[in-house]
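Heads up, the next two complexes both have chain A, just with different partners, chain B and then chain C.
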Partner chain A sequence: MSDATTPETPSLLLRIGRFLRDNPVIPLIGLLFALIGILELMRPGIISPFWMGNTMRFAIPLAMLAACQVLTMLTGGIDLSAAVVATVAGFVVATATPLVGVPLAVSIALGAGLMVGLVNGIGVAFARVHPLIMTLGTGLIATGCLQVYQRYVIATGSEIPAFLVWLGTGRTGILPNSLYVFIPFAVLILLLLRYTGFGRVLFAIGSNENATRLSGLRSWQLLMALYLLSGFIAALTGLLYVGIIRAPSLSLANPLLLPSVAAAVIGGTSIFGGRGSYAGAIVGALILTVMGTMLTLMQLPEGARRIIFGLIILLVTALFVRITNQR
Partner chain B sequence: MTTETEPLLDASHVAKSFGAVRALTDASLTLRRGEVVALMGANGAGKSTFVKILTGALRPDSGTFNIKGRPARAGSPAEARRSGLVPVYQEPSLIPDLNVADNLRLGGTPTEPFRRWVAELGIEGLRLTDMIGQLPLATLRIMDLARALASDPDVVLLDEMTAALPTDLVEKVLATMRAQADAGLGVIFISHRFAEIAHLCDRASVLRDGRTVGDLKIEPGVEDRAVELMLGARIDLGSRAPGEAPPPRPAGPPRLRLSGLAAGNKLTDVSFDLHAGEVLGLVALEGQGQDELFATLAGFRRPTGGVYEVDGRAAAFGHPADAIARGVKLVPANRSEALLKERSVRENIALPFSTRMRDWGVLRMAHERARVAEAIARLQIDTRAQGEVQRLSGGNQQKVTIARWLAHGVETLLLFDPTRGIDVRTKRQIYDLVRELAAQGTAVLYYTSELQEVPLACDRTVVLFNGRTVDEISAAEADQETLMRAAYGLSRTRAAGVSA
Partner chain C sequence: MTRVLRSNLWAIGLAVLLLVLLGLTKLIQPSFGFNGLESLARASLPFAFATAAMAVVVIVGGIDLSVGSMMAVCSVTAAVLMTMMGWVPAVAITLLVGLAMGAINGSLIVVTRVPDIVVTLAMLFVWEGVALLILGSPGGTADRALTGMVRGWTGPVPSALLLMLICVFAVWWPLSRSKLGLSIYATGSDEEAAFRSGVAVGRTRVAAYAICGLYCAMGGLSLVMLTGIGEPVPGPYLMASVAAVVLGGVVLGGGRGGMLGPIIGVFVLRIIRTMLTLMGVDPNVTTIVEGSIMVAVVMLGGFIMLRGRKT
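The block that comes next holds the complex of A and B.
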C-alpha cells in the first residue's frame, strides 16, 4: 500500500459507519438473521414455517404502531398516545359490536382514534405543547375515558367481529392473514414518505422548521394532518390487535408503546427529526419480536426478562446511533 | 521552550476527504510569534475544512499539525484551546439566555482582562448583568474577541470575524490585533476584504482546490497576485459593462409600494417604490431596521403602520406563505435558516413545490427534476456533494437558497446580503444573475453590507438610517464615499451646505 492512497481510505470503522448511514436497513436485516441463527442454536428445530408465520403475526401490530412513531418522530415529535388509542379502538369495537353492529362499531373505534389525533394536533400545532407531553396527556385522558365507558358496557359482554378474528388469527398457507392489511399499509406508508409532497415536508420540517416556513409551509396544517393520521393508524392497529389477542381488556395494546418507539429508533429514525425510514422500523419490529421469543426461551423470571430486554434495546440503539453519526 | 525561530503553529501536508469529495489534498500553514497570516481562498478551496482542522473540530486524514512543537493531531476544540489556539467566528458563540458574567464564567474567562479588552476594542457601557440576547450583534462579535484575548492565547484565529461589522469597529479590531501581534501573539486572519488583509497582515497563505498554492508577503500590489493564485486565472473584481447603462426608470405601476411603513420601534418610516425590471439597492449600517424591513416584506411580521402594497393591492402578510402567493420571495441573511442541511440539493431546491396543502399528493417528479436541473445549471452549482447540502461550500449553499426561488418562479426577489462570506467568483455570478433576472422583468430588492457591490448590482439605492429611508441615490452617483456618508446619516457631499 502506498502513502498516496491513505487520504482516500479513512479508517474502516468510518467507512462502515458511512455505509450504514446511507443504507441503514441492510445491517438491521443482518442483525435479524443473526438473532434467528442464535435462536436456532439455542433450540434446534425451532425455526419452522409455522414459527415464522407466528413471528410475523406478532410483529405486524408492533410495526404498525411504529409507523405512528416514525411519522411523528420525523417532525421531531412523538406519539405516546398511540398504544392507548389502539387499546381504546380494540376495546370499543369488541364491546360495541353486540350493541350497534359491526360497521358502526368499527366506525366508532376509528373515530375515537381520529378524535385523539385531533386533540393532539390542536395541542401541538396551536398551543405549541411539546408532543411528548401532549400525547402523554391525551393518552392518560383516553385511558380514563375508557374506564368510564367500561362501566356502561360492562353488562353487554363483548364480541369480536368475525373478520377481525379471521385477520388476526387466520392463515393463508403458512402466512398470517394480517399480511392482507399490513402489506398494503406498509407500501402506502413507504410511498407516502418517498413520493408525496406530504412526505417531503415531514422530513423538511424536522430538518429545519424555519426553512419550511420561509418556503411557505403553514406548519399547523402539517401537524394537524400528521397527528390525525397517527391517531387513525393507531386505531387501525387496535382493531387488528384485538383480533389477534381475542380478549379485549383495558390495557390491551398498552405494553406495545415502548417497543413501538424502540422499533422506530432501532430502525434508524432520529428522535430529533429529519431522518428516518419506515423500512427500518419494520425490521426493527421483527428484531424486537424475535428477541422477545429468545428471552422467553431462556425461561428467566419475568423481571429479569424485562431488564435484559430494556438493556438490549438501549445497547442496540446506542451502538447504532454512534456508528451512523460518526463523521 | 519556544525559541524565536521555532514556529508557533506548523501544519503541513494536511489532507481530508468526505466520502468521495476531497476537501483538502495538501494544505500547509506556518505561523511564527508576532506574525499575522491571512488564510485566503475562493469558495470550495477548502478553507472551512482547514479551519476546522486547525481548531480541532475535524481530524485530518493525513499530514502533521503541531502547536508549539507538540502534535495537536488527535485534538478536540477544547484541546486546541488548551494548547493555546483560540478561534473567533463570524457567529458569536455566546449563550443568549444568560448574562455577560454567566457567559464568562461558563468559558472560564477572567473578568478583569475581559473588561479591559472590551473597552480597548471600542465598546462602551457594557455591563456584566446585560443579557446576551438583548445586545446588538456587533457588540457580541467584539465580546467574543475580547473573551479570546482575555484567555491569554498564543494564537488567535479570526474567521470572517469582521464581516458585517461596522467600519469603526473593524478599525479598532485591526489596530488591536496588530498591536497584539507586535507584542508576540500569532494571528490567523480570514476575510474576504483585501483592504483589511493589506492593513493587518504580514503574509498571506493561499488555498486553491484543497492545496496551498502560495505564500505571499503583503506589499503594495499583492492583491492582483493573490486573486490570480486563488482563482487560478486572472479576473478582475468586476465592473458593469460600460454599454450597460442603468435603464431609464421603469414606467407603469410599481411592483412594491411602501409609504411610511412601520413595524415595531426599530422600523418607523420607510417609503420607496420597487418596479419590475429594476434592482433596488438598500444600504444601511448594522441594526438600522433592515432586518425588520425584510421580515415585514416577506411576511414574517405584520406592519404596524403605513402602506405596503404589492401590485397595487394592500399587503398585510400574516405568514411567508401569503407573501409567496403574491410572488414576494426572500433569501435570508443566514443560510442555515433557509437550508435543510441533511437533505439533498434537489430536495432543498424543490421544497416550495410541496409546502402548500394542495401539493401534498404525489410528487410531479419529471417536472421537479427539470426545474431543479435548470436552476442548478443557471447558477452553476457545484453538485459533487449533492447528497447533503451541509457538505457543500458556503458559496454553493448560498446558490442553493437562490436556486430554490428560481426554480419556483419569482416576481419579486428580496435578497438580504446574499454575498456575505463568499468568494469573488461566486459574488460575480450573483451580480450577473441579479442583473439577468431584472432584465427578464423581476423586481429585486438587494440589501448589502458591502458598499462596493452597490454600483455593480443595483440601478439605484435607498439608504436606511435609524428605521427611516433617508436618501435615494442613483447607480451613477453610488460611489462608496457617498453611500457611506448617507449611511452614517450625514449630508451627501462634504460641507455641501456651507459652500452653497
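The block that comes next holds the complex of A and C.
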C-alpha cells in the first residue's frame, strides 16, 4: 500500500490504518516486542526464559477462548457465554472425576459445552436473536445450572485428572506443555479459516448475509455449526484452564471473558463481521498477557484494569470504523 | 376511548396476565397477601428502573448493555456521598452523575459511529471499573429518610410501587408528549426518514441515552434504599431488563411501544419468581427457570419481529 496507488495523499493515520488492516499481525508483533521492551525497562531482569514460558502458559487459554470470539465475530456475532462454558467444563471435570472416572468426566464437560452451543445456535440461527443477547442469556442459565450442580457434588471433593495437570503446569525444557494442545489447535483453526468452505462462508456471512443467502447458502446450518464449535472450543479451554489453575471454582474462567473479546478485537477482527484473522488474535492474547503483567507491576487496582480494557476495545473498534468509512 | 384502548392493548393484556398470576400465587400460597405484595413491589424496584432505562434506548433504536454497571456506579456514588452530606444533595448529585454517564454513552455512539451494542459493551466494563474504583467492596451508608421511603404502605399502595411509578412517569410522561419524545420515536422507527424530515438524529440519540442514564441513577438509588449500602458489583439487571422490555411490547429495533407495558412486564417476570419460591423450588433452580423464561421471551420477540418484517 503505497502513495502511488491512491490519487490523493492520505493522512498518516489513514496510511497506518491501511497497513494495519492489510497486515494486522506485523505491527502487532512489533507492539508486542515494544511492550516487552518497556517491561524490561520498568523492572530490569524480569525477562527470562522462565518468564517467557509463564507468559505463554497464561496466554494460551486466553488465545483459545479468543478463537470462540474470532469465529463468531466473523459472522457479525459474539459469544459471551464462552467464559461461563469454560468455567462449567473446568468445574465439572474436576468434581466428576472422583465420581465417574476421567474419560466420562471429560466427555460430560465437553458435552455441556456442546449443549450451550446448541441452544445458542438455535437462538441465533432460527429465532434471529442478536448473538450478544442470546449468549448472555445462555451464560446466565449455565451459571444457574452450575450452582445447582455444585450442591450435589459439594461433598465429593474434587480431583483434577493427572493429564490435565501435566498439560497445564508441566514444562518441556522452558516451554509449557499446553503448547502440545495449542499448536495443533491453532493450526487447525488457521487452516479451517483459510482453506475450507466452512471458513470462507463465515467471512461471506459476515460481509453480507443477504447476499450469502441469495447465492443459495443455508446460513442457519452454518450458524448452528459455528456456535456448536464455539461451545466445544470453550469447553476445551476450560479443561486446560483448570489444569493451570488447579483449583476449581464457580467463577474459574469468567474473568477471561473481556480479555478474550479484547484479544480478538486487538488482533484485527472486526466486531461487525467479515474481517479478521486468528493469527492476530493469538498475538493479541500475548499482548494482553504482557500488558496484564505491566498493570500488575504498576499496582493498578482491579477497577482501573477493567476501565483500560474497556477503553482499548472501544478505541480499536472506533479506529476500524474510521478506516472502513474513509476507504 | 377505543383508541386509547387499542393503543394500549398489549399493556392491558399484560395487566390481565399479571392479575391471573397474582390469583395463581394466592392459590398456591393462601397466606400470600399484603405483605407479599409489599415485598414484591420492593423487589421489583431496581428491575423496574433498569427496564425503564432500557425501554428508552430500545425505542430510539439502540440498546444499552451498560445498564447494570451504571446502576452500580450510581449506587456506590450515592452510598459514599451520603457518608459526607445530607441525602438531598447526594441524590441530586447521583442523578446528575447518571445523566452524565448516559450522555457519555450516547455521545460516544454518535461521535465514533461504532454500533451501540459494541460501545455499550465496552462501557459496561468501563463503568464496572469506575464503580470498583469508587468503592472496592460493598459499603457506604444510606440515610434513614431514604430507606424509609420504600417500606410499608402509602394509603392503598405499597410505598415502593408508588415511588417507582412517580419517578418513572414524572420523567416519561412529559417527555413522551414533548418534541424530544416525538423525535425519539421518529429516530427509532426510521432514522433516515427522521433525518430527512429535520430531526436532529444525533442529538436525539444522545438525549435518549442521557435519560437512560437518569433512570439508571434512580435504579442505583433504589438499590441503596433497599440494602442500605452501595454495591460495586453489578446485579443481574441487563438480561432481566431486555426481557421485560420485549415482554412489554417494545420492539427491539425501535420506534414502537410505550413505558407502561415494560413496567407491567417487570412485575410479570418478578411474580413468576415469587411463585417459584412459594412452591418451594430451590433458589438456584429458580434462577435457571427465570433465565430460560427470559431467553424464551427474547427469542419469541425475535420471531415476531421477523414475521412483522415479512408482511
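Following the convention adopted for this analysis, the second predicted complex is superposed on the first by the 285 of 327 C-alpha atoms of A that agree within 3 Å, B and C clash if a C-alpha of one lies under 4 Å from a C-alpha of the other, contacts with A are read in each partner's own complex, and residues count from 1 in each chain.
As a working rule, a contact is a pair of C-beta atoms (placed from the backbone, for glycine too) under 8 Å apart; a residue touches a chain by one contact, two chains touch by 3 or more.
Nothing here was measured: the structure is a model prediction, and the numbers come from that model.
Trainee: A:I133 contacts which: chain B (first), chain C (second), both, neither?
Mentor: In the superposition, A:I133 contacts chain C only.
Trainee: Just checking: does A:L311 make contact with chain B only, chain C only, both, or neither of them? Give me first, second, both or neither.
Mentor: After superposition on chain A, A:L311 lies in contact with chain C alone.
Trainee: Quick one: classify A:G274 as touching chain B (first), chain C (second), both or neither.
Mentor: So A:G274 only meets chain B here.
Trainee: Tell me which partner touches more residues of chain A in the superposed arrangement, chain B or chain C.
Mentor: Touching more residues of chain A than the other partner does is C.
Trainee: Name the contact category of A:L99: first (chain B only), second (chain C only), both, or neither.
Mentor: So A:L99 meets neither chain B nor chain C here.
Trainee: Check the residue A:G123 against both partner chains and state whether it touches chain B (first), chain C (second), both, or neither.
Mentor: A:G123 sits against chain C, while chain B stays out of touch.
Trainee: In the superposed arrangement, which partner chain does A:L214 touch: chain B (first), chain C (second), both, or neither?
Mentor: So A:L214 only meets chain B here.
Trainee: Give every residue of chain A touching chain C within the complex, in rising order.
Mentor: Going through chain A, the ones touching chain C are 119, 123, 127-130, 132-134, 136-138, 140-141, 143-145, 147-148, 151, 258, 261, 271-272, 301-311, 313-314, 317-318, 321, 325.
Trainee: Please output the residues of chain C touching chain A within their complex, sorted ascending.
Mentor: Counting only chain C, the residues touching chain A are 65, 108, 112-115, 117-119, 121-126, 128-134, 136, 236, 238-239, 242, 252, 282, 284-285, 287-288, 291-292, 294-295, 298-303, 305-306.
Trainee: Which stretch or stretches of chain B touch chain A in the complex?
Mentor: It is residues 15-17, 19, 22, 25, 58, 61-62, 298, 319-321, 324-325, 330, 332, 336-343, 347, 350-357, 359-363, 365, 404 of chain B that touch chain A.
Trainee: Mind pulling up the chain A residues that touch chain B in the complex?
Mentor: 3, 6-8, 10, 18, 195-198, 200-201, 203-204, 207-208, 210-218, 221, 225, 274-275, 327
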